Structure formats: C-alpha cells, structure tokens
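Across the two complexes that follow, subunit A remains constant while its partner is subunit B and subsequently subunit C.
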Partner chain A sequence: MNKRKLIKPLSYSVLIVALLLVPLLITQPYVLHILIMMAVNIGLASSLRFIATSGQFSLGHAGMVSIGAYTSALLVMKLGLSFWLAFPLSGLTAMCIAFLVGYPFVRLKGIYFTMVTLFFTEVIKLTAEQWRSLTGGVAGIIAIPRPNAIIIPGLLNANFASKADFYYLALMMVVFTLLILYAIESSRIGMTFLSIQQSEPLAESVGVNSSGFRVLAFSIGCFFAGLDGAFYCHYLSAIAPASFGFLLSINVFIYTVVGGMRRFSGPIMGAIILTLIPELARGVKEYEPFVFAGILLLVIFFLRGGVVSLPEKLSKIIKRRVAYA
Partner chain B sequence: MIAQNLLNGLMSGWIYILVALGLTLVLSIVGIVQLAHGEIYMIGAYIVYYFCVSAGLNFFPSLLISILCVGLLGVVIERFFLRPFRDDVEGAIITTIALILILQTAMVAIAGESYKDIPSPIQGVLTVLGARLSWERLLTILVSIALVSLLLIFINKTKIGQAMVAVSEDREAAALQGINVNRVSSVAMFLGCALAAAAGGLTGAIFDVTPFIGGFALMKGIEVIILGGLGSISGAIIGGLILGLVDGLVTPLLSVQMAGIISLVVIILILLFRPQGLLGHE
Partner chain C sequence: MPTLEVSGLTKYFGGLAAVNELDFHVRHGEMVGLIGPNGAGKTTVFNLMTGFLRPTKGKVVFKGKDVTSQKPHFIAETGIVRTFQATTLFSDFNVLKNIIAACYLKSKVRFWEATFHTSNSRKKEEHVLSRALEIMHFVGLDAVKDHPARRLPHGYKRILGIAVSMAADPQLLLLDEPLSGMNVEEADKAVALIRRIWERGTTILLIEHNMRAAMNLCQRIIVLEMGRKIAEGTPEEVRANEEVIQAYLGTGKHAT
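Moving on, here comes the complex of A and B:
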C-alpha cells in the first residue's frame, strides 16, 4: 500500500525533472517553440474545462486572453512596470472583469450563457480595434519588451534572449496552473461545482448558492486565461485584435473536447495532440483544417469520452473478447 | 444622406433576417445551433458566382439554382451530421465546427482566397425627394421580403408547414400524432439552407465574396435570434431590422466597430433583463 502511494508523486517528479532537462538536450528553437505553445494551450484548455466543471460552456476565453495580453503589454510599455508585476496583475485584471461580467452572465443558462460569452469575446475584440489611442487599433501593439532579466550571480542568468528561458517560464506557469486547478477541483469547492453541473436545482435545494459558485468557477478559469495571454504577448512581442477572435475560443474548446471533458488529464492530452498534429501535417499546410475536422468527427462519432477514455474503451473490448473466447 | 443610410440599414437588416430565419428554423426543429450556417451562406454566394460568371447565366436563374443546390446540400448534412446529435449540445457544437472547417477549406481549395464579384443584376439609382437610392439595394430588400412571405405562407398554409410548428413545440407529441419527424427535419434544413443561400447570393452581388464571409453572417444571425428570442419568427424579423438599422446608421457616424459594440451591448443588456429575448417565451 505504502509503495503505491509513493509511485504517483515519484513519477510526477521524474516527469518534471525530465521536462526541466529538455532545453539542455534539445536546442532547436523550433522544437522549443512547439513545446512553449503546447504549454500555453494546456493552460487554456485546462482552465476552460475548469469552468465547465460547474456546468457552463464558455466561449469567452479568447476575450480573457486578449484582456490579459493587452493589460500586460500596456502596463509594461505605458507605465513602465516590471514584467514580473504586470504578469500576475494581468491575470487578476481578467479575473476581476470575469467577476464583474460573470454576475449578470450566470443568470443565463445553457446555450444562452455560451452565446453571451461569445458576444463578450467579440465586444473585447471590437473594443481593441476601436480604442486606437490605447491599443493601437487593428494593427495592434508591436515591439513588446521581453520579461525583465533575472540574474542571480553564479546560479541563474535568465535574460529571455533565448527560447530556453521562455520554455522554463512557460513550464512554471503551466505547472502552477495545473496544481491550483487540481487542488480546487479535488476540494469541497470542486465537489460543489460538480453538484451544480449534475443538477442545479437539486444543488440549490440543499442550500448551495449556485450562481455564486458559477461566478467563482468562471473567474478562476479566466484568471489563468489572462495569465496565458500576458505570457503570450511578451513571448511573441506583438499582438493584434485579430489573434483573439471567435476562432481562438473555438480552438480551445476543441482541445478540451478531443482530449476528454470528464477527466482532469483530458484537456492536457487534447492540447498536446492538437498542437503536434498541425506541425506533423506541415507538408499539407492548406489542408490542415481537414485533419482537424477529421479528428473532431472521429472523436464525436466513436470516442465520446475523448482521447483519455481510449485505454478504458480498449480494455473493455479486449475483456469482451476474452469473455467470448 | 440619412435616407441612404436608412436604406443600407434596411438592406443589411433583411439579409440578417434571411440568415437568422434559417438558423432559427434548424434550431427549433432539428434542435441544433447550426454553427456552419455561415458557410452555407458562403457556398450559396459562390454557386451564384459560378453560374453567373462561368456559365454566363442571368442573376435570377443562378440564384434559383443556388437556392436549390444548397438546400439539397443541407438535407444531406442534416441526415449524416446533425441527426445523430439532436438534443446533444456538446456533440452538435463539435460536428458543426468540423463542418465549418471542412466547407471553408474545400472552398479555399476550389476557388482560392481571392475576392470574387458577382455581376450586379440591376444598375442605376432611384431619386426620391433628392435622396439617391440604389436599385440594387432596393431589389435586395424586395426579394428578401418576398422570400420571407413565401416562408410564412408555407408554414401557415401547408400541411408540412403546420407539422413543422408542431415539431418545434413538442417533438414527441408530434411524433405520436403520426408526424414523420425525420422528414420534417429534412424539410426544415432544406428551407433554412435555401434562405442562407439566397442571403449569400444577394449580398454577393453587392459586396465581395471570399471563403471567409461566413463568420460574419453566422455572428449576425446568432445575434438576431438571441435578440428576437430563440424559435420566434416575428422576433427574428424585428431583431434583424433593429440590428440592421443600428449597423446602417451608426457605421457612417462612428465606425463599424462602434456599431458592433453598440448592438452587442444592447443584446447583452436585453438578455440580462429578458433572458428569453424580445418575443421569445420560456
């Protein structure tokens, strides 16, 4: 029993150490770039699933990423704040805005909630295009500075000139995101979210403040979307409203569903697979959406639990075979 | 100047209504928010373009062919992609997103990304009290009104139209009365896609056609049906006119973006105080 308890933390530590060693073994910037984008996508998909655990599908994630990205870029460029201050602040800004709009939004249920979050994304995009003096309009903001260097003599020299430094930052961000989300999900609050997902009237009848908890889930999920946005803008050093439209929200939703909504590991697997596939299919770049669509249809027709339910499904089939034999 | 903006607003409004009525028909009868509706609209525009330019046909025969072809495409889509996901929100969102990707990429492969222009069916302007109104836009409004009237007559006067109303109210009760729900769904999808194709063809004669025009149409269609109330035909007409007029009157005064922001904020506010939309019911 004790041995089994040890295996899980041990395997996770091995995984973390392996991930920390990656930039020492792989130096091609291209590979590191894919790993960094994977981390961003994992953060986005996991936080979207987190909101969904309380029974609401949000298409507002792109808007929140946009808010995080613009907040961080403007704080650093206009107010001269350090990135290390602007980074958490942009997450908090997204969270505050999510809290403010969330209160009225959660009065709507089902498809109405989804649609109003979609409109939110569109309003943020249009506002960024319109408010030229602040956001640079359609052209966006360019030459966003790199994160301030952290130098501890003899120990650490991170000046963010190389992809490897960004890789470590992305890794830290995604580990932080997953740890917090996992902790909340397995706490009493997470159980409450689940009860609202399964039956909102029943949860209310035993005294759960369902709209309060739905706002909480929405705000926490959006905090991480804001963080990802801030990271993204300093990593790419340029942002434009067009990158944060309807399509980004849809993509994050696809990652979550292809991986599997029901498990914590679902969006992680989904983001990994769907970030890799376009890169593998680079030879047929213009037909890449076909590949995406094909995967979506396969999942929805044959594998409703997502990719993470594959082992379970296979073992069931094998067991059935054995039983017949 | 005001009269021209008003006319532009009304024209956009009637185009939004055609798109929204298709969406709302499919939603209330098949039970799915058809996110690929914008791509249907886009394909409608392309078919008109090809028949007009490559086959050298007149605008109206081309529009009619497009409406029929796209309607049939809709029936096929409903049978194989939508029917398995009735009342399954997650599944329906995923399949329709897959359809967006497939249809859009296919169109890019066939037609390329360049701008196409459908030759205008009618030229010239009508001068009323000093206001110069283009015949092209007046014609678009008239054709749209005619199509919506035909739809209303079909729904209210024919047996299958009444069956559609019954299915939209209660699918199981309708099935128990001997209504063939699958056939009614096919008809609804045919009509919905036909309306979208008409909207696409009519807009294509005024603006440019690219494989990416569907997103805007879908967004406007969703805005209209949410504003008017899901499943309500009169709601969609009122909602479409409101949004069209906001777009037509605000755009020249401020900007396209401001027009979008104003209409979305209004819709969000209406939803908060009246979640079922202007004319919808619980």
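Moving on, here comes the complex of A and C:
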C-alpha cells in the first residue's frame, strides 16, 4: 500500500527532473522551440478541456489567447510595465472578459454556445485588425521586448536571450496550469462541473446554479488561455491578428479530441502528438489542416476515447482474442 | 397553515392553456396525489413550481415565501426538490457518486478551499460521504454501489432518481411518476420506500398513473383535466366523483 502511494509522486518528480535537464542535454534551438510550442499547446488544450468538463465546447480560445497576447504586449510597450507583472495581468484580463461575456454566453447551450464563442474569436480578430492606433492593425505589433532578466548573482542568470530560458518559463507555466486545473477538477467543484455536463436540469434540481458554474469553468479556462497568449507574444516577439483566428481555436479543439476528452491526460497527449506531427512532415506544412482533419476523423470513427484510451482498447481486444483461442 | 400555496397558476403554450387557473395547497406533513389523464398538465405544474418553466400568471408560495418564477437552484435551496419522469441521472457516475454529487447544497465551500483541498473542505466531504451512504442504505441500493448509473436496470434507476432528490434534503418532495415502467414487485418496493420517506417527515406531492398506488399512498388527491382542477378530496371521494370517472372513461356521447 505504502509503496504504491509512493510510486506516483516519485515518477512525477523523476519526470520533472528529466524535463529540467533537457536544455543541458539538448542544445539545438529547433528542438527546444518544438518543446516550448508543445508546452503552450498543452496549456491551451488542457484549459479547453477544463471548460468542456462543464458541458460546453468553446471555440473562443483563440480570442482569449489574442487578448492575453495584446494585453501583455501593450502593457509592457505602452505602459512600461515589467513582463512579470504584465504576464499574470494578461491572464486576469482574459478571465475578466470571459466572465463578462460568459453570462450572456452560457444562456446558450450546446452547439449555440460553441457558435457564439466562435463569433467571439472572430470579433476579437476584427477588433485587433481595425483598432490600428492601439493594436497596429493587420501588421500587428513587432519588437515586443523579451521578459525582463532575472539575475540572482551566482545562482541564476536568466536574460531570455536563449531558448533555454524560455523553455524553463514555459515548463513552469505548464506545470502551474496543470496543477491548478487538476486540483480544481479533483475537487467538489470539478464534480459539480461533471454533473452539469451529464444533466443540467438534474444538477439544477438539487440546487446547483449551473449558469454560475459554467461561467466559472469558462473564466478559469480562459485565464490560462490568456497566460499562454502573453507568453507566446514575448517568445515570438511579434504578433498579428492573423495568428489568432478560427484555425487556432479549431486546432486546440482537435488536440483535445484526438488526445481524449474524458481524461485529464487526454489533451496533454493530444497536444504532444499533434505538435510533433507537423514537424515530422515539414515538407507538407501547408497541408497541415488536412492532416489534422484526417487524424480527427480517424479518432472519431475508430477511437472515440482518444489516444489515451488506446491501451485500454488494445487490452480489451487482446483479452477477446485470448478468450477465443 | 399550508406549506405550499399555489394560486391562479396558469401557463399558456401559444394559445393553448396547459395549466389554467389552478389553485391548490399542500399542508406540512401531507402526502398529496396529483392525477389526471395524459396531457392534463401535471408535469407542467411541477415545472412551473420548480422554476423550469415560467408561469404566464399565478403564484407559488412556499413557507410564506413567494418563489414564483425563481431559478430552479434557488427553489431547490428553499426546500422544494423534484424528480424527473424520464430516468434523468448523472449517468457516467456510479450510484454512490450520483448521491454524493447531489449533496451539493450540503457541501458548499469557498472556491479556494475546494481547490486546495483544505481540511475544512475535506471535513465537509467526509460528512457528505457518510450522508450519501446513509441515503444509499435507506433506499436499498447498497448492492449496486459501484455500478455506473447508465447500466442499472430501469427499476434501480428510478430508485436512484429518488435517492438523488433526497440528497438535496427536500422539505417538499415532488415525485413525477415514480412507478412508471416498473414491474409489480419493483412498484411495491418503491411504494414502501415513498411511504418511508414520508414517515421521516418529508411532505410529498406525487404524480402517478398507477391509480391503486396513488389511492393507497395519498391522504388527499387532486385531479386535473385539460389543465384545470376537476376534483379534490380523499381517495374515496375522488373515486366516486362523477366528473373524474368521465374524464378517465369518457362520457360515451362522443363515442361512435
């Protein structure tokens, strides 16, 4: 019993140590870049699934990423705030906007909620394109400064000139995201989200304010989308409205479904796999949407529970074979 | 003094009155039946009382508080809890988890307390667990504790539906055809269960098509037809009422 209890934390700490050592072993910036994008995508997919646990699919994630990115860029460049202040503030801004639009949005259920969040993404994109004085219009914002250096003499020298520093920041961000999301999901609040997903009228009948909980799930999910956006803009040092359109929302959605909606590990696996696949097939980069759509269809037809349900499914098939033999 | 006072309750769907100027009351500690032919508007009355539908006109007063057109979760908190006609359950959860999830009102903690699993929230969850176990034992679902709700036989599903509503700690329980689809044996068990819930001090308003069970359980019966109350009284009175017999059997005049 005690041994079993130890295995999980132990394997997680080994994983974290291994992830911390990666930049020391791998120095190719290209590989680090992929790992960083993986971290961002994991954060986006996990927070999207978090919203979905309360029974609502959002396609507003790209809009929220956009809000986070522009907020952080503008706070740093126009107001001269430190990145370390602008970073959490941009998450909070996305959360506040999600909270404000959430109340009218959650009046709609199912596909109608999804549609209105999709329009939200488009409205944010159009706003970013048209409000030239603030956002720089279609061209976007360039030369976004790197995060302020953190220098503790003799201990830490992070000036964000190298990819390794960004890697550590992304790692911290994704670990923080997953810890918070997991803590909420495994609590009574997470159970209430799931009960709303399964039957909103029944949850209401036993006293659950389902609109309130759906807004809560939406706002928390969007907080992390905003955070990812802020990181993204300082990492790439340039943003343009075109990067935060419909396709980004759809991609995050595909990560989640391909990985598996029902498990916490689903969107993590989905984001890892689908960040790798386009890199492995760089020659056909422009066909990425087709490749993703193809994978999505395969999963929907043959592996409803997503990639994370594969071991379970395989063991079932093997058991059946053994039973026949 | 009546616990529940419904007056002038009216609901129009388009031009059609599903419920029309309905007045009735339920006293504390009573078990009252709401019967009537299909389409008489019984379930609509439940939906109006619990905030799932807004009445066109009329008032619902519970314990002196006007709860007309309030949100369902607010009405549940004031003590009126309803069950559903179809087997509405948290179907992916197992039996025990269905009841635990339904103990929501007893488990309220602050957001950060729940998130960080503080000792206060854990203590509350322990309390909820023992309460859920008690309810599960009371309704007799111990044997299927770990079964996912979706895989339960129909009779068990209906019983679980009642257990879920009990978890919300109702003072007035609205049961919507609790016996429908049950075989004789299951129905007998369910009748006994409903009586035991009532004996624990829960006031009950019951919609039921199984006339024998309704007459057997209720002290008072209200008969609806076409959204109107056509009779009210003890089971014996209602059984002898000419209009009730006509509503159920027809007058013969229209028969060809």
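The definition used in the following text is that the second predicted complex is superposed on the first by the 318 of 325 C-alpha atoms of A that agree within 3 Å, B and C clash if a C-alpha of one lies under 4 Å from a C-alpha of the other, contacts with A are read in each partner's own complex, and residues count from 1 in each chain.
In this text, a residue touches a chain if its C-beta (ideal position, glycine included) is under 8 Å from a C-beta of that chain, and two chains touch if they have at least 3 such contacts.
From a predicted model like this one, the values you see are computed outputs, not experimental measurements.
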After superposition on the shared chain, which partner residues are touched by A:279: those of subunit B (first), subunit C (second), both, or neither?
neither
Would you sort A:206 into first (subunit B), second (subunit C), both or neither based on which partner it touches?
second
Comparison of subunit B and subunit C by subunit A residues contacted
B
Quick one: classify A:261 as touching subunit B (first), subunit C (second), both or neither.
first
Would you check which partner chain A:126 touches, where first means subunit B only, second means subunit C only, and both and neither mean what they say?
first
A:180 contacts which: subunit B (first), subunit C (second), both, neither?
second
Considering only the touch criterion stated at the top, classify A:192 as touching first (subunit B), second (subunit C), both, or neither.
second
Quick check on the output: what are the common subunit A residues between the subunit B footprint and the subunit C footprint?
none
What does subunit B use to touch subunit A in their complex?
33, 84-85, 89-91, 93-95, 97-99, 101-102, 104-105, 108-109, 215, 219, 222-223, 226, 255, 257-258, 260-261, 264-265, 267-268, 271-272, 275
Sites on subunit A touched by subunit C in the complex:
180, 183-184, 186-189, 191-192, 194-195, 198-199, 201-210, 216
With touch defined as at the start, can you tell me which subunit A residues reach subunit B in the complex?
57, 104, 107-108, 110-112, 115-116, 118-120, 122-123, 126-127, 129-130, 246, 250, 253-254, 257, 261, 286-287, 289-290, 292-294, 296-297, 299-301, 304
Residues of subunit C touching subunit A in their complex?
50, 52, 71-73, 76-77, 81-84, 88-93, 97, 100-102, 104-105, 107, 109, 111, 114-117, 121, 125, 164-165, 167-168
